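Note that chain A is present in both complexes that follow, paired respectively with chain B and with chain C.
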Partner chain A sequence: MTCRQPLTPVLRQLTRTTSFELGRQSSRSQASSLARTAAKASAASGSRRCFSSSQPRPLKATASVRQAQSKDDFTSTKYPEIKRDERFASLTPDHVAYFRRLLGGNGSALIDGVTGEAADDLAPFNSDWMRKYRGHCQLVLKPSSTEEVSKILKYCNDNLLAVVPQGGNTGLVGGSVPVFDEIVLSLGRMNQILEFDEVSGTLVAGAGVILEVADQYLAERGYIFPLDLGAKGSCQLGGNLATNAGGLRLLRYGSLHGTVLGVEAVLPDGTVVDDLSRLRKNNTGYDLKQLFIGAEGTIGVITKVSIQCPQRPAAQNVALFGLASYENCQRAFREAKSQLSEILSAFELMDEGSQALVHQVTGSKRPLESPYPFYCLIETSGSNVDHDSEKLQNFLESVMEQGIVADGTLAQDETQLRSLWSWREGITEALGHLGGVYKYDVSIPLSQMYQLVEDTRARVAEAGLLGDGEEHPVRAVVGYGHMGDSNLHLNISTRRFDARVEQVLEPFIYEWIAERQGSISAEHGLGLAKKKYIGYSRNPTMVGLMKQIKRLYDPKGIMNPYKYI
Partner chain B sequence: MTCRQPLTPVLRQLTRTTSFELGRQSSRSQASSLARTAAKASAASGSRRCFSSSQPRPLKATASVRQAQSKDDFTSTKYPEIKRDERFASLTPDHVAYFRRLLGGNGSALIDGVTGEAADDLAPFNSDWMRKYRGHCQLVLKPSSTEEVSKILKYCNDNLLAVVPQGGNTGLVGGSVPVFDEIVLSLGRMNQILEFDEVSGTLVAGAGVILEVADQYLAERGYIFPLDLGAKGSCQLGGNLATNAGGLRLLRYGSLHGTVLGVEAVLPDGTVVDDLSRLRKNNTGYDLKQLFIGAEGTIGVITKVSIQCPQRPAAQNVALFGLASYENCQRAFREAKSQLSEILSAFELMDEGSQALVHQVTGSKRPLESPYPFYCLIETSGSNVDHDSEKLQNFLESVMEQGIVADGTLAQDETQLRSLWSWREGITEALGHLGGVYKYDVSIPLSQMYQLVEDTRARVAEAGLLGDGEEHPVRAVVGYGHMGDSNLHLNISTRRFDARVEQVLEPFIYEWIAERQGSISAEHGLGLAKKKYIGYSRNPTMVGLMKQIKRLYDPKGIMNPYKYI
Partner chain C sequence: MSALRILVPVKRVIDYAVKPRVNKAQTGVETAGVKHSMNPFDELSVEESVRIREKKSAPGGVEDICVISAGPTKAQDVLRTAMAMGADRAIHVETKPDDDLEPLTVAKLLKAAAEQQKSNLVILGKQSIDDDANQTGQMLAGLLGWPQATQASKVEFGEGDIVSVTREVDGGVETVRAKLPMIITTDLRLNEPRYASLPNIMKAKKKPLEKKTLADFGITGEKRLKVLKVMEPPPRQGGGKVEDVDGLISKLKELGAI
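What follows is the complex of A and B.
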């Protein structure tokens, strides 16, 4: 950690000729890559663990998570209340023979555990990356064309075979993992970039294209994918759309509901929904593609994507501040929106608790000399290095003079930029190292957002569960997240499993959110984890209307059963 | 017209201390206001006329358009193939008595032509501003609450009374005007701004709030409505959403599908769809509100709107160039996106034909000394006047040096800024002055966009219909539009009605667009005008899926009948 640079001296250096000017592009992307590499290494060593927000698992020794899974690890065992829908047929050799004929003799197109032994090959498709969910799927199909997807789904619909569409399988709520013996429909072979218009910035690609591959393709042409997230090295565009992924660029480029121009999808009965418009404007009827964005594969399978991509910014800057109160964080955000305006690309919030834990785990020197109750990380992305630096300088002077910000530091080069980002992106990792974590990904109106952390902390403390000593099951209650999107990650870091913790947390947190008309899932979706809590964010009329849509498109209910609504 | 300023001298003036720095805000808005004032004055004098793109009307003397309408003016007379749906009940005094009880004795809540004489009061609700469509409505209801809307719709649904929701009635395709005796449900009294969060920029407002009122409210708080269009002084937010209005800011702020956070709507059976989220992120189920955006009131009535509003830009600049070819226009657009990037807020295209007609009508001195085949108008909006000016200067130098742009001029003050905009915004007005116009609002992939104008012009010329002399019915075939959105306005200016013109234009234009997977209605919607042409932009499967949605939400078909799909 070498980025310590007191704010005042930094401000003096902020002229057009200082080393503050960053190289073109890529710095943020490299930071992501670093974080991912670290995450992968960590996952491989079994150090990353995470409780479901609603179904905590007993803590295990850190090294044991990646050990051979036992019968206890099956979702069906963990959630005995979920029963296999007996309407669904069980796979037979005849079914497999049909799919084999359809997909050709290509060995890579089908993983068959029905007529042969394929447990090892099936394993990655049966489990999520956090190892929280594990299914009993015996057949993975990997179509390479929309026509194949259509024929597979029609056959499944006709024969009542349940299907789980799967992209990069990087979700956090168990949405892309089978529960029982559903067929996994893996989109990974539909990984072609099909068209790119270098004037309009419109990209058309198969659902199986990996997000980072798409972004690299665009980078070579001066464009950027309007979505960025930690899993970009594995997640696929179809899955991004199906989960309405939010991520790090939403503040700047908006949601997928705005940037996606077209979708090609296949309905359970095999109907191909060709809504793959390349046009930015097309007011000819209901915008049906929107239903597939965020539907988590429950009404059809997205096979192709058309999306509007912005020009890649030439310059990026990152600053990190210490602030005395959440009130000041809100003031800083307001100032940043006003003064940085069109170049503001991230405004992230971290509380002292979260930063202390990162420091405890990494041992890195902290960016600021003194601790503050809150920290904000600001990123700018623009087309002119000098202008961006000057805007940032003016902003920093203004928030310092007004006493909104107590201290701060500004990245002087790409290494420092990555380092500052690591204090935000490294939180999940650090918490995972320390033990079990109850994670809540919520959205609450900004003025009340951090109050949830304080109220939860007070409640856990009042129950005698929170403290420094080993006798307390809860180590810390911390909050961080995308302040620019009113998206809070509330994390409860524990030393060991204790049934009392969950009793204190739930339904308290959900009720707290519901009272403030917040969302119990800001960006992670519903999947299996949040299915039964939707009533806290949606009224019965809305849930009824959603079920109506589900019945309309998937009357036999074969698509991604046991999840969503 | 005083803004003539050769580009080279202007470039020299572009330093931080020149008069180039514009005042904060409002300049663009004032330009709009001016244009609107001119339009209103013109409409009052009866000078604005417009052919339907598909149903040309016989030309009349300019002054006669606003004369008392005759029986021939009814849509039902003009389109004899549209028959009243006999399933619908006719209004009786009992129906009126129910609505009168429901809405109270308030005279302003109901216009009753059923039990009394109210032709004059009903007239504005029965006709669109272009006087192209005219209905036989005898009852206008003006609810002031969602509950009233719900009770009205439930009663109409139970009694098979057809309903046309109406906002500001500024549409261009006859979508908000009744055809027969449908009840008009006017949202104008639901005109309250309900909430505004000054930190997040989230505005919640009634559907009847006028766009300009909302924008002025936001301006006082440093924010801007993420939609701007010529009719802002009359159009209402509910109608903006129902028609998925595009307008002038789409290039910068994106479509309503991305900026709208929540919608409250009422279904025909009276069900209130409470999807009025204030949250930027909320991944809890299907995003049903999206269906109401662009549905043109055919599945329910939007009653409230929640929308994300950006910070208002502090600086705006406008430049106008002459270019030798459409190829150069595309290159200029690419360069503008790259160099102006985050501050680019408009990139408009005008061909010489359109500008010559404006000059012919207004007599104004043209902005550039020599004519060029094409002109582009660029607007920047940013938070720092100096930075924006410098970016624009660099951009202008670059496109001049590369020979992309032949000549150009840059607004030096707000008067010049408005004047430059008038060469773009005044086209519709000028064409209206000259006679009948066939108007097509289409979207085509950018590389082929202007080719439609050339092909249409060639086709009309080949038929001997185009020429300078009075013997030719067609004066000019011109193209202009929102280049940043691939949105072309193709206009055929005529001297008189001639049946051969339409025969040459249609279905040629629709087929041309369909071959290139374009849209026959980029931003105006379907309404009555484009209903029968949807097949040129949507395949039968998509139309079938849309009809399925219509049947799902409006099984009795009472909502805005005879239109849309």
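What follows is the complex of A and C.
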């Protein structure tokens, strides 16, 4: 049976996207990621009655349709203040010959633009998911074992060749792509699931395993991966650890700093750090694996991961609320915690602006009849359907009766459940399709969290930059995020690049956050995008200590240079 | 035109997003601990009935929308969902867990129900996604002696109890016309079912739900068919992966394809 999906109108939308430097999407990533959004978003609407469900598709297609890129796209052109570190050697055919010998004659282990022409194949490794950054990398290495990683890094360290570790390349701060001619070390071939203990739930896997693949493997065994996020079809476990990704269920399963039991990593000098413990408890000395979690590839390459996975919940429910004010969202959160307590597994916030844009891109039927200024998505996960349903019913009745919630819906089947989630998970992609996006991923005390969106919107409007007409560079200022973790995503969706926009936004937003002791990067990390602003969230002593660690582990500075701290 | 009294049969089936598994004894699919929900085609029937009322598309109006389900106690969940979507009331015909009703039995039950409820329009899903029989609507029409319009993608009402139904057929559409009372079975393109809103979910809890048994309709769950064996389709022969274009070409040569 074929699916009818609102894909055509979406594609038509897309051709209107103007090409400018900020958030340009290539047709490569557009078509496929779109298909995914559309498929997901319309799972319960357009295609809910289509009974041939297909496998989830990754965000990125393998075929590379190259789009004409101008030299203005290069990070090095856009940020002329970043200079290539002249200590680093430039790649020579001799270097390439070494790597070729090391990785074997196998053509797929290496993409070589040094001795041959490989621009097309290199392109996807050079630009990031948002199409905001673009490097000049000429060599991609795809090792398939820890030993190969070790030999590569040792050689690079000895020869002063800079390296960028790359996973699924879905990072949102420009950390996963080179700035100049750094070598890309792609972990995609280290994609073996190595062991799983069905009693303890401990999974050991290669860093290149795709998150969704790991989760599907676990699902078949009654377990769930403790991390879930919108990019799950593309991002890799190593990348998840390297960015200390938070995601949609941190509220329930906690941060990777707690769930990761062990890490195997390789230091720039080739040393293999074997800390691949399967133990929950191990108080024997400094917990060094923690340094690799969130290090964004600046002190070494993660090659293997050992992680504690919880039992997959037998019963899941999802409700979506429409609320009249942010105040009511907070009350709903408070009630959810007290009434749903141990079964609450996600509490997400979306404002009307973000939902209107998802609707504009996907064309899917909106779950609630009329619009509300705010929406909250609530998920429960438990082991007993009847127990959970009863609790949830009582909770729903109570928040409706108290007038906290104006309207809402409760997914009646799995398809509706997935579709409701798509209204939250699909925001990042939908915004990406509409054009350039300034993204701020911040952590602020809950009571003031949405105020940032309102203040920013007012400021952009005051500067005359925000409006419906084409003459305004800013289309919308929207907020959404992991309310349960006090984590807000403030996104400014633009129609075209206009230098005034950035001037209005920065440093205003960072100062606003610093005044409230918030974090300027809650879960996406620093990469290249936020490197300059670390001072707003960390004091000089802290930054000093971090620099010491960097020097200790990577004395020659070859690991992911120009970024992080 | 007569006011419509619509009867909407709904079935609780394994959720369509869940992959069914054959049980160890190979007598059926595993249902214990598996998520169930309303048969998607039945959602279309409920939605269509509610829309006929909301859009006032029938000149005589809609007097009653009654949903009916034969199944275990849990079938009441799908009846509540249907009432949250807008049905007025529900009838639950409780069956024993291993009572697997055959289409003919269901059709006989629905005939009795339609007569008892004085229905003049029965809107059914064209099939349920668990058995895929696609028979109940047709058998019901036969038993009642009413006209039937199957696989509807559009339903319109005219004067004098006339109903026009557009159906999708191979290579185009076909429009049939009949007079009430009649049977309509629904197909995918008919409408897009709504999300049940929280206030309506609450209200649905207070709507009447009548509990009955097969005997109340003079039906015995007698079986004419015997399931011999249920098997998974043979697993697809996995394809091999090649590392690069050269690998692909040599593989194709090996297979004699080029």
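Throughout what follows, the second predicted complex is superposed on the first by the 465 of 565 C-alpha atoms of A that agree within 3 Å, B and C clash if a C-alpha of one lies under 4 Å from a C-alpha of the other, contacts with A are read in each partner's own complex, and residues count from 1 in each chain.
Definition applied: contacts are C-beta pairs under 8 Å (C-beta built on N, C-alpha and C of every residue); 3 or more make two chains touch, one makes a residue touch a chain.
Keep in mind that what you see is a predicted model, and the values were worked out from it rather than measured.
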item: First (chain B), second (chain C), both or neither touched by A:Asp413; value: second
item: A:Ala295 touches, of chain B and chain C: first, second, both or neither?; value: first
item: Partner chain in contact with A:Lys365 - chain B first, chain C second, else both or neither; value: second
item: Partner chain(s) touched by A:Val405 [first = chain B, second = chain C, both, neither]; value: second
item: Which of chain B and chain C A:Glu397 touches, first, second, both or neither; value: second
item: Chain A residues touched by each partner, larger count belonging to chain B or chain C; value: B
item: Chain B versus chain C as contact partner of A:Arg500, first or second or both or neither; value: neither
item: Partner chain(s) touched by A:Lys83 [first = chain B, second = chain C, both, neither]; value: neither
item: Contacts of A:Leu526 with chain B and chain C, given as first, second, both or neither; value: first
item: Partner chain(s) touched by A:Leu279 [first = chain B, second = chain C, both, neither]; value: first
item: Common interface positions of chain A, toward chain B and toward chain C; value: 314
item: In the complex, chain B residues that touch chain A; value: 197-201, 222, 243-244, 246, 250, 254-255, 257-259, 271-275, 277-288, 290-291, 293-295, 299, 311, 313-314, 330, 333-334, 337-343, 381-384, 387, 390-391, 443-447, 482, 485-487, 517-526, 530, 534, 537-539, 541-543, 545-546, 548-550, 552, 564-565
item: In the complex with chain C, residue positions of chain A that touch it; value: 1, 4, 43, 45-46, 48-51, 53, 106-108, 314, 319, 321, 365, 367-369, 396-397, 400, 405, 407-416, 418
item: Complex contact set, residues of chain C against chain A; value: 15-18, 33, 35, 37-38, 40-41, 44, 81, 84, 129, 188-189, 192-193, 195-199, 201-202, 243-244, 246
